[in-house]
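Here come two complexes built around subunit A, the first alongside subunit B, the second alongside subunit C.
And now, the complex of A and B:
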């Protein structure tokens, strides 16, 4: 029973008395104090932490991408991703921390505190995160998440279902090792798993690409005839943690909001039960579904990938860039960070008197098949350096130009598991490929196209 | 590339089927969606009015021509949806003996399907087969489900499909025009009227040109036909709030 002479002492959830000087602290359902949205006291008054976000103006994608003045800043890839999200009118973001993505999503949390992202929380793990993104997108809001390596693989089941459910969202993949022995180092083998999901996949070379691809990914993926998720991959650490110059629009403008009601599918109607989480229709063996419903559904997903080409051309200026390809003795084809190494290799080759071109592939899905066929028609040598063991890019390039080019295709050099790629490795392959000198880094079995010595390959395979 | 006349028979890419057990999608065959003002006829880009004329010819000459209205014109989401529904009825009013079979939603019908009365994207071929439909128009269907339906009909039936799309159009339809708002649907009705008159096809004097399906006939006193203008889409029932324009399906 309380003593009427002693006033009730208010206590916090831990039982400690709350002094009058201490303002009552709001907590989230887990009991953690909510600090990000709390008013900041300035000189006895309070300043709305969302003030700047509330003043952001909506501009057209065309103005944002092509006309708005830009200012150059020297920032990390994680900061570039944050700045892209700040300007992208994102409604919902959720993630689970994993190196090297953690800093990116921490910074998105800062954006939430500032009011630039409307909803944000940490998921329990990546399966839940990617499922939450599905729910958010299905409900019609603009969603962003990021993960890396093992997180990508853990979340792959829901990720692989996004395209079929026609769920636009942007997911950033800061690639790292996924396989044993586990490491946190750069390796982009996880991209090979993403390529067959039916989503659009971009590969950023640097911080500027990351900034641009994230913003443009929202607009491309949300087009009615596309209505697909977009994966923006970059090589972890090389891009996320390193600084580079990024040209950015002012913070006071943002993209138009998602218009989900214009999408290729209805949004989840949470107001009128029963709300169904599965996109109509779940396919079972039965007498009320046609035999080919799943087949035409998957055809439709990949048709949507095809349709995204014209928007990639419009907003990104094409799926690839080509430098000095016309008349080159050899062409290096690369994506992601390997482009930066390759550009330096081109310069070193030039010092040796070799005329070498560079094709940087920015969009892996859709893949620039027609563009490569045209560019590589007369090329004699193609060198494809990659930061992974399996050569997913080389396989795609070889499949694209098969029958359209007589080039000798060297699927290498490769480094993986955190190794850096000395530029000289690429130069060696170019020189070796042109002169016939045997490579010490690329096995004969990784050479495709013309001039392949079948006996050497057979010898290699027998002695592997 | 935009051509100015219908493609020759031998050049046509997307044609009435059955195309086979598992035909590639139109996108895989290289058919792309056209820009504003351009339609698709049999896989080729053609000025929109010419594409509409071809839709009219098919709907006026093929057996059991049918209009399949989807959820976006079937339900009174907003005033614009009602206006579009009325414009669809104007199109129907120009086609003698036309059927109107709804696609009210996209859910598989379980445990019993009645495909002759309702079309569903999970087995649209059954509706085509059951009614022996050889020309049809889809309007007001969300693009993803329209594309599933069009692919399946092309794979398994001999029906000539047309899409009147509010967005970018449909490669898998034999005939497609897009950016369809109410005004443009009314323009379609006018072109249908002109083509019908040029072909010398008369409408019934009493205006009862829409043919009932079996169920529609039973619930309408065993009448066989109706005047499409006798159906007046009205305001929602009392207590149902119409959402503002631009917030719900277009």
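And now, the complex of A and C:
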């Protein structure tokens, strides 16, 4: 009960009385005054909110990717993903928040409000989201979603069945910690799970890659002889929340729409023969399905992954890029954000008089096996820095070049759980690897190849 | 496959799959068929591997005859006995992951709406009690809360039949089953109540021993889901194997369960009534003309 003699004094969140003479100060939950928030427009007169989206015109993928003039902007990775989706003629998107993806999918919601994305809703959780994306893609429309870390794992059962159902959706994975103790920090261990689904997996180094890989992912995944989902991974926060320069085409153009009839498997719109889809196309027959039907179907999925190579070469300019590899004393092989650290390590090595090359892997599935064998034939030392504990990239590289290169391969340095990767750590491994000095950051068991004691590396080799 | 969108040039129709031609020439595609005509036309579901005396199979057959536009209907299901029959039908069936059916149907129905606008493309979920009330519970409820426009049909045999007879959320309290060695310790889940609470526009409980009633509720549910909102049908489809019901007593059992926990119940919102009355001419929902005023 308030005392009638003492009138209620209104206070701000800090407890200071608010004088009625001054206008009430709006504050955020932390108590900071809000000064710059723009008023939310309701209704907004007679202007059609979809006006700009309706005026977008369709251009060919070739024009979009190679000819259209681009303008440079300084934006976050989330904004780069939004701008990619704006130009990708996306029909359907389902969102569920998880750090560090949330901003991306709420920006896709903004695109829905503006009419650039035709259908959108906030799903119940990632299992439901990935299942709804499967439903949308089966209906024959172009689908996009994004998640991160625990969300990727929660949605992994439906995600892992997308390739078998031949659903060419694009999903973005803004990688973060998965394992306990739980954290939201960058760590790309979730990529190791995605590598074995039968989907195409790209790893974006920066905001520009994210922008390009998402758009190209739709075109590559929807090729008739591919018809597969595409995962575009990036390292959370480093890419999603940081700003960088991104060269982008004008907003007024978009990719051609998905042509559902073009897929390798008929979509479920009751328009396509065979009439008995689930019986005649041998998907998910379970008890009735001969083991060889599942076997040949999975073989075909992975064959489709292989066939995507030429489209990745065509639209992305190759599965990897090689910088200064010819004649280098050592080569750093990296993907994602580790490439940026590695590029700086190459520069520091040069200052020390060491000639070091860099291979940036853009496509993890399909994996550039032949390219690596060729590039690493004469290399003496390969260093593979990663933002995870399990060294999934080093295992793939080692398996690819085994028998084709005599290089000593150092699976490290590794950082995880949100640690940053000091460039000096990479330089130390290059110098130590070349001089034979023992590393304090990388155990013997993570080193293999020439001049290595087999007993020391047994642990790592068993994990390949 | 749709009859309206694809017209075959004369002579080319014979290159269509035989199942499709049979559905057009001797089956329900493009014409009205009713359960009372059973035996006189080629059914959408003819062959199946279900157990002898399976009430679920009878219900699925009846439900498929009742679809208002079978040639434009897509069914969605999940693991369980039902999908062993549904996947043999002559209409497309999505068999996705465990319990995902209502989420897949959400994406599918929205995607079809984007591509085909108001042309009816009916999405019908048919899944078991375990798939719907247990593993897929959250996706089922959320699809109703979101007012997704498709029909959900629960094939409730009160047990995990396909995995060999384990307790489900829809099992009755006290029932001894595998994984319930001392009897189930909580009541049968009230999914009908939850369907109403979550905003379904039409909810009905039904047993398969009354074919005309099955036909009536399925037709209403599919039509209402086109434009008004989500619809839910909960059907008692006994498992004569796990509950040891002699095959010749399956209909008797259904009859007695109908008198017990599966009394016919139909819930329909006013919006749905008006829609059926105005759009499809359902006389029972049409407003009765006001009685003439008595002469003064």
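Throughout what follows, the second predicted complex is superposed on the first by the 386 of 464 C-alpha atoms of A that agree within 3 Å, B and C clash if a C-alpha of one lies under 4 Å from a C-alpha of the other, contacts with A are read in each partner's own complex, and residues count from 1 in each chain.
By our rule, a contact is a pair of C-beta atoms (placed from the backbone, for glycine too) under 8 Å apart; a residue touches a chain by one contact, two chains touch by 3 or more.
As the structure is a computational prediction, the values presented were derived from the model and not from experiment.
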First, second, both or neither for A:92, with subunit B first and subunit C second: second
First, second, both or neither for A:193, with subunit B first and subunit C second: neither
Larger contact residue set on subunit A - subunit B or subunit C: C
Touched partner set for A:137, first subunit B, second subunit C, both or neither: second
First, second, both or neither for A:127, with subunit B first and subunit C second: second
First, second, both or neither for A:119, with subunit B first and subunit C second: second
Partner chain(s) touched by A:389 [first = subunit B, second = subunit C, both, neither]: neither
Subunit B/subunit C common contact set on subunit A: 280, 286, 288
Contacting residues of subunit B [partner subunit A, same complex]: 22, 24-28, 32-33, 71, 105-111, 113, 121-126, 142-145, 147-148, 151-152, 155-156, 167-168, 171-172, 246-250
Subunit C residues touching subunit A - in the complex, by the definition given at the top: 1-2, 5-6, 16-17, 19-20, 23, 49, 71-74, 76, 79, 83-84, 87-100, 103-116, 121, 138-139, 142, 146
Residues of subunit A touching subunit B in the complex: 166, 224-225, 227, 261-266, 280-281, 286, 288-290, 292-293, 295-297, 299-300, 302-303, 306-307, 310
Subunit A residues touching subunit C - in the complex, by the definition given at the top: 91-92, 94, 118-119, 121, 123-125, 127-129, 131-141, 143, 157-158, 161, 165, 260, 268-280, 283-288
